[in-house]
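Labels A, B, C and D are assigned to the chains in the order they are written; within every chain, residues are numbered from 1.
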Amino acid sequence: MVSLNDFGPEVRAEVKQVREVVASLHEQLIKWNLVVWTAGNVSQRLHFADLMVIKPSGLRYESLTPESMVVCDLNGELVDGQASPSSDTKSHAYIYRNMPDVYGVVHTHSTYATAWAATGQEIPCGLTMMGDEFGGSVPVGPFRLIGSEAIGEGVVDTLKKYPHSPAVLMQNHGPFAIGCDAEAAVKAAAMTEEVAHTMWAACQLGDIIPIAQDDIDKLNERYQNVYGQH
Amino acid sequence: MVSLNDFGPEVRAEVKQVREVVASLHEQLIKWNLVVWTAGNVSQRLHFADLMVIKPSGLRYESLTPESMVVCDLNGELVDGQASPSSDTKSHAYIYRNMPDVYGVVHTHSTYATAWAATGQEIPCGLTMMGDEFGGSVPVGPFRLIGSEAIGEGVVDTLKKYPHSPAVLMQNHGPFAIGCDAEAAVKAAAMTEEVAHTMWAACQLGDIIPIAQDDIDKLNERYQNVYGQH
Amino acid sequence: MVSLNDFGPEVRAEVKQVREVVASLHEQLIKWNLVVWTAGNVSQRLHFADLMVIKPSGLRYESLTPESMVVCDLNGELVDGQASPSSDTKSHAYIYRNMPDVYGVVHTHSTYATAWAATGQEIPCGLTMMGDEFGGSVPVGPFRLIGSEAIGEGVVDTLKKYPHSPAVLMQNHGPFAIGCDAEAAVKAAAMTEEVAHTMWAACQLGDIIPIAQDDIDKLNERYQNVYGQH
Amino acid sequence: MVSLNDFGPEVRAEVKQVREVVASLHEQLIKWNLVVWTAGNVSQRLHFADLMVIKPSGLRYESLTPESMVVCDLNGELVDGQASPSSDTKSHAYIYRNMPDVYGVVHTHSTYATAWAATGQEIPCGLTMMGDEFGGSVPVGPFRLIGSEAIGEGVVDTLKKYPHSPAVLMQNHGPFAIGCDAEAAVKAAAMTEEVAHTMWAACQLGDIIPIAQDDIDKLNERYQNVYGQH
């Protein structure tokens, strides 16, 4: 088995830093009400080696420290860590191998996003925030069993058809979100739940006013290129 | 009346440790929004004697300390403690006597689980998380009055028909959850509310896509045997 | 104007203690999500004089200290305090004058209780918790304007018809709750919101299974006489 | 470019104080669940110069300090600050230029207010709290793209038609709230979400009982002139 000692100091330093980032982002999942008990996981890919840092399987959030985070290669094999990696590790690995710009992946069972997923309906684009963040609807991916990389395949296949969306609702299961790092992916997961909740509530009131595709495109273009600190 | 002094030091040490565990798990009921004011209760059975530790009746959560937890025998009779035991003590005791693998019992009135219970409908299995945790639907138990062991009988009768489910929704009342210890039962109570909320929200959106029984079985088998740290 | 100096040391000591209790119970309104910004108010009647302690009007919860609590007589006239009393003071006073067993009153605009109030529908009794706490449905009181004792009259008239209920939903307005002290009234306000939320959610799922009146009576009898520490 | 050094010590002192107020009010947006991640923004106009203090664009709430708040003129041009101002700066500036009594503006995407906005329906007045705070319904403003002052125009045009309302729901987007300072605007934003949530829940239960216009006027008159500390 490969071990962290097979890598140079630059990689080991990045592992240390990414372990801190990934552990700390799990607190954000709790803060924004995206997970219950041990559900959900965050990973981040390294830049200096084909490795990723991911949550261990089935640990309560109170127990998650930087040291408890697990290092795996991009086939999902354990490289460093005291605990078994998340059940979704092979799917995170598949996403990194097949989407080279993605360096962060998050999976939750957040309540309203998962409710849409249980009905197999995508979340229609009725909010400027959806134009900004998703460039349209939030898509639904196929039903897949847990444990292999089958979920990762479903995520990649779906997101390739929705190139502006950083999230996909896996049918009967819950959202997967991606980003240029783990923080961006956690933000996408938080935004997915927020638009899922808002659009769910709107559907109970009556018909949603659709936003013209041309306006959605302008919102997305501005948000991706002008919003924030450049 | 039997007292703790009738037991050896090993039992008294276990009582001390379980009092800490049970008091601390009541904080988890608050953290996950499963209870209001004084509602809800957690118990854990001992391994070294036919005793259980349970919450006192009607105390606010701010007042719950390890010392205030009550020790009863498995007929629900008080063995040690300054306060009257929970109104549900005889039902917890019945469950322990009749389900020898169960060492933790939790009762809540968590909002969405109790909403399903008020309509007498089981929660249909539309989520992989339900396959994992419950092996199918979350069942409904009969209407029973509070104070005797009648609720415990209803819990046991129902769970014997749903051997993969760690929780039952008592009609017009609320969920009871079980586990190999009190922490596992609290987890089951938290998951019951989460799937109750998600499936409730999904039902407002339209038809749920059912999960094939074969897939539910595979999810449950993997989760019970592979998930977590082994 | 009467002042606190017109009363003896026993009364002044009770005022000091009740100011601490009432200030601290306002934190419970925040904790249980019963109020937003400055909405809501708690009062407690004294035992040693015909006085009550109540929240000042329009102050943010961060600013509420024991010293900022206002003392009024049972006509709602200011006796001691730096700030104007709550807009609902005359209604609290009316309740104390007309219900001599009541020593605590709480008013909130908690979300789901107020939603029921906006439709003028009482909350039907579909939960054992409602049998316990309310002895049946939670009743609706008449529409009344704010500022005079008209709301207090509506509360008293309604509760006299529902002698087991510690709360009434004032139409288009929100709940008023009563108790043997302010803590009991705050508990009743918290329970009102919880059963309002649960029964609201249940109504979205389908028909509620009614509980037989005989069973409701047994639940209420046991809860009022056996539950808790006696 | 104009800089803060072009202003006298009185203005610079007000800038320092308002930066503290505006930074601290962003914590209230989190406290009352009005925003997710980086969404939402608060500004306050100065009294001693035609300047305003506003949130920087796209920063997480954990990073918001008084020093990070940005100073702009009333055309939305940067006057002082290390970071780019909020995307909504030109709209805040437009509101201040066209509504001279307004010294605070808040924008959120709070869940239930935004759900109403997605359907283009105003929130009907079914609560005494709405009579108090809004003097009637909460109005809907037009669909507008983000980044220019077009949103500000829509806000002003709508509020001129609803002179008692301190908030408008911009269609498919979310609420804008105004006040005599930033704290009053944040209060209006919190109240907008609360009445949006309550009326949304009420609509799921059945028909809302309307409040007579005469009673709405009396509630609004009393609240604006008698409520609170005068």
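Heads up, the rule we're going with is that a contact is a pair of C-beta atoms (placed from the backbone, for glycine too) under 8 Å apart; a residue touches a chain by one contact, two chains touch by 3 or more.
Just so we're clear, the structure is a prediction, and the values are computed from it rather than from any experiment.
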Which chains lie in contact with each of subunit A and subunit B? none
Shared interface numbers for subunit A and subunit D above half of all numbers used, same, or below, different? different
Just how far, in Å, is the C-alpha centre of subunit C from the one of subunit B? 32
Roughly how far is subunit A from subunit C, centre to centre by C-alpha average, rounded to an integer in Å? 45
Per-residue multi-chain contacts in subunit D, two or more chains: 204
Every pair of chains that touch: which are they? A-B, A-D, B-C, C-D
Considering the complex alone, what residue numbers of subunit A touch subunit B? 36-39, 56-59, 83-84, 87, 109, 111-112, 114-116, 118-121, 143, 145-147, 171-174, 200, 203-204
Sort out for me which residues of subunit B touch subunit A in the complex. 32, 126-129, 132, 187, 190-191, 194, 197-199, 201-202, 204-209, 211, 215, 218-219, 222-223, 226-230
